[in-house]
């Protein structure tokens, strides 16, 4: 059963009203503007045993995403396409209130929002993931772990997922006459074929003020959030109102305008960071001082 | 672990003793006689996506049963027969003390009592459910949901199951040379083949008084129950003493005599209601005023 | 999550200090010496439906182990070998604090320690358990149940496992042209092929005193334990420090010397008991008065 | 299954509806005996039952909040409600929708009236033909009202979709399966608030605006029917007394 | 497996028993060290261990009742007790039998003596050869007595069956598997009460009467053996003291 | 996979290490923002994160002890950390290692200081290349120190193995998979205590002695690196202040 949650973080009343009052004036306690993201660091290839991976630090929020490619059967209703499975887990390193165990409704929602954004946009070119037509295909497992939670896990996860996919390469496969498939992970034949890029942009609202990329304190005071999946070509690739509360029609329109701008910027930023990567990014355990 | 349950319903002492005292005089608070069932309504075909279904209202108790036919493998020890799976769930709409989750021991017992009554009597003609001999057969899934619980879920479920089975039709199947099976649910080729009909009759006992079809208040004061599965041809197709307490040999003999009479009547009643159905029965959401 | 356990048994302080003080003087409340095991009884063939079984009583600790042989697929990385699965469960008959349910960490650790001792030593000759090379092999299921817990379940389980394996015989199998396997359990063709024998020896430590085969009171006061798997040919076939606490390098050396002596003796004792068995051993329900 | 033609030559949908037309809707309040409140909502072939228990005390005290009632919500599909038999275990989809539906109801329930209690909303999908989550919101909101839970407004839901390039109201399962986008919306019309919004598919900014307007028009119609159903229930009660 | 002949030409059963004959029965009380009470019951190849803990306090306070002790009961089969290895997870059959056995014991336990406590009955089927639930009732009832739980009577169980058209006492697994009906019965003989009654199969009204009488006769014999086993235990204790 | 040659002609290992040589080790303390303490430990390709929360109150009061803090520990592998994708459910191996690691830490935590609290140790294996449990002990011990939990000593771990007949220090996955024995060891060097000892494989008495000595020498080196990493963290803090 889903139930009204206890606040993850009890923000003291004074602090809460400071946050709200500043937001009303277009300011944030961190000095950021309402439409400004925290600094984003991306470490592609963070996990050697994954076929693609990335660690993302969004302010103090840290998420790692990994891609594993496994040979499996296609879905009966899509025999000539690869398959996609997205999982997310909020491990208990990330916050004092996170309990170990199977994903809770928040982790499930996050995984499903990201899954839909990729699937509906056909971001991965599934038609190129067939090994033996109708019988054997690549199954793309994306696993997302929140390691440190300072708010906005969805966007951090979405960026980490995009970066991990862009970092993924297909291993060589040999199919013998009997149709059995042999995978050679030591040889990589091509990058994962992609059609499009997508990230989510989360817009929070408190007392009719909207702002992006809420940190944990801000999430605690926010009444509700709208998660907008934005494609590289500036379309809306998914929506999820998340959290109690609601939006007026006008607020939604404003939020979408913001999201399309911010989202396409985020994709550009991520792509440029990935191109310049390998050089000097600070992985977990090697913090940048900035 | 099975444990002594807390009473589902705390019946006030005065009310409880009224119920008992009236029963001792052969009367019931509802005005019914000891061997009288509450009004029974049957809505066959209540669930369009099921291959057979029925909503049953027994007084204020409401149960829905659905049949799904799926192509599966036969049991290794019965290669030339279809298979039967019966499940029951007491969903939390039905009573304030029902918790969501997997079936508890009461739901499991109910499903197994109904399963045995069908299986032992060979009520369904399993030999006619073979698609590819030894390899592919129809698996008959019967799922029973208690939606509103005012006592005697077993008999309501048993009637709903019988009605759903009588409402079930087999879809057309085509088997190609390679032995793979294609189901066409838009074409129905025949009713589910039945050998026999069966219902359960529940007899409750309190202070040596026996009566049928207990409502929830009466179940709360009853010491024990005997569930008797009765076949159309007046045989005993299953028994289950349920609830703490016991019966003397003589009480059991009396109970069986009652059950055989009442049960064959119930089967006749259900059959006649099903024949006249389609016309004017009141589904859930369209209550009859009677 | 693993957590610091509450003591299974609250030993009164006075009793606890008596136990410790006696141990320091090389004595035990039971009159045993520090390196002396409690009396061991072995009843091979205790479970008729198992392919091999033994009940073991080690003082007041009672364990039953059973072996089931099932036809299955080999592991992909060992296509020409049988497979081994070891499970242990501490059923709630054994101790007032044992709850029914899936195995807890103690039962899992016990099963894995015994599994490793058999597997690493290749105690069972897995190469002789192939039915159809690369496709069908015998899967050896060993299930261990602690029925009465008066300490040292590991060693009792290890002896019961050894006795059950020595009591196991392979049923006749026929493979037809299509490769399907038919098992005839009424005919037994040979004993389970064994390469080696192994038992565990558990050495407990309290205030720098070491002793073997702790009973439940002694386990409650012990700081830590070292479980040593000892092969018939006097090698170390596994180790597990178990319980909070630690050992110095010198203590470990001493413990191993003890374990190798005691372990090879235990194997000899078990083997001789098994040879003389059938005669006059006292099964559960027929206690010897000794 | 072959992809069917969803928009016919005459511009009508596969079942003869206009793009902006709801399916036949049946709404009945107070259908269960034991629940504090209940409603059965049918959008065409979709049939959803909601029951409410509470506000009440619950054994799980650690979930309760000192200043308000909590809402607990389960969206559950009967195993025969779908084309393929659904496994009885709660799916990830059901877990997500339980959350999304609860969060659609939170803004209209005046939860401060009953601190330290729980209001339980149980939804059973009896037959699924598209739009089950939005029918569930409507049913749940009516069951809450039937239970006498104080509310700021009713919330009603309806899904819009894009099929064969056309925006359509109240998508059924065929349109959901073969269409390009499915956007469930729930709104509290008198408060002017959208309290559930999901998009499964890809839309341009302009398409979204039209789609949302279409959804809100549909919601208004369902809102009227819902209020009628509530009136019916309480009229009848009064008449019967 | 081919269906074997269950009743031989000479009217005896496949194992040489008369239709109304029990298998060799072995009953031992007090077989475990840690449990408050225990018993091992063997009906032919069927071997069932029962242990009782309590009356005792338990952490699950919400289960307790103010006016009586509750009984908790688990019927559990060891994985190697059956022909095919049983999966370790509790099956639906085990869950049902745990309930049925508990309800067979409830009428004889004087639970009012220990309000707000639990009496835990743990049953382990070590080897299954038919009649495990009835042997379990006998073992549980003796373990309760051994634990000093106050009781109105012992409950003992035995199954009757119909095989090749003949009513037989104390069915074994072969008879259960290939017979026409299996009817487990448990009775508290001195109270004159049947406290467990199930029927798996189809009987006429007349067959049922004969079957029940046969079961109650068998139960009387097991009742005597059970009382002996209890006496033995306590005699021995006295002698040893 | 073919069994590779693990010891080369020149006596070095497949990756060029000497038998008694550690892999490149990277240890960083204080890598997480929300945890009370944390550490990231890398032994070659093995990468393990540990976080500590507490000492703190927990809802599961029945677990707490009146005279000391309890330690709770979970060893968990991210699903992409292994060659084959690991199922998300906790495996029996993870359950065993959670216990073994907890018991390696218990002797050094001064738990009496905080009775009736829990100290939670969460370990996430990010990439597995042999020796994950020993890297986990090192990381956990540093995370405890970083959290300010009072400790008698650090515990550090390293595995030794026997490959192609040679005893080697700090086994990687290839050596673990194809070697003859794998012996994880953790020690509290200043206390002179071995607090984790497992052996997976078969050794003679003499081989064991050499193996343990090799492990303890390796542990000493890791101990020094660990203390450096702690110093680095607190130096930096001081500098930054």
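Order of writing sets the labels: A, B, C, D, E and F. Residues in every chain begin at 1.
Simple rule for what comes next: contacts are C-beta pairs under 8 Å (C-beta built on N, C-alpha and C of every residue); 3 or more make two chains touch, one makes a residue touch a chain.
Remember, it's a predicted structure, so these values are computed and weren't measured experimentally.
Think of each touching pair as a link: the shortest run of links from chain E to chain F has 2 of them.
Chains that count as touching both chain C and chain E, per the definition above, do not exist in this structure.
Between chain D and chain F the CA-based rotation angle works out to 120°, given as a multiple of 5.
Centre-to-centre spacing of chain C and chain D amounts to 58 Å, using the average Cα coordinate of each chain. Put simply, the C-alpha centre of chain B and that of chain D have 30 angstrom between them. For the pair chain A and chain D, the distance between C-alpha centroids works out to 28 Å. Here the CA centre of chain B is 48 Å from the CA centre of chain C. The set of chain C residues touching two or more other chains comprises 1, 100. Contact with two or more other chains is made by residues 74, 120 of chain F. With the ring opened at chain A and read toward chain F, the chains come in the order A, F, C, E, B, D. Within the complex formed with chain B, the chain E residues making contact are 1, 63, 65, 68, 70-74, 92-93, 95-96, 98-103, 106-107, 111, 118, 120, 181, 183, 187-188, 191-205, 208-209, 212-213, 216. On the side of chain B, the complex with chain D involves touching residues 46-50, 53, 60, 62, 64, 66-68, 70, 87, 89, 91-96, 100, 102-103, 141, 143, 145, 147-150, 185, 284-287.
The part of chain E that touches chain C in the complex is made up of residues 26, 28, 31-35, 38, 40, 42, 45, 47, 49-51, 53, 56, 74, 76, 78-83, 85, 88-89, 120, 122, 124, 126-129.
Within the complex formed with chain E, the residues of chain B that make contact are 1-4, 6, 77, 105-106, 108-109, 111-112, 116, 120-121, 224, 226, 231, 234-249, 252-253, 256-257, 260.
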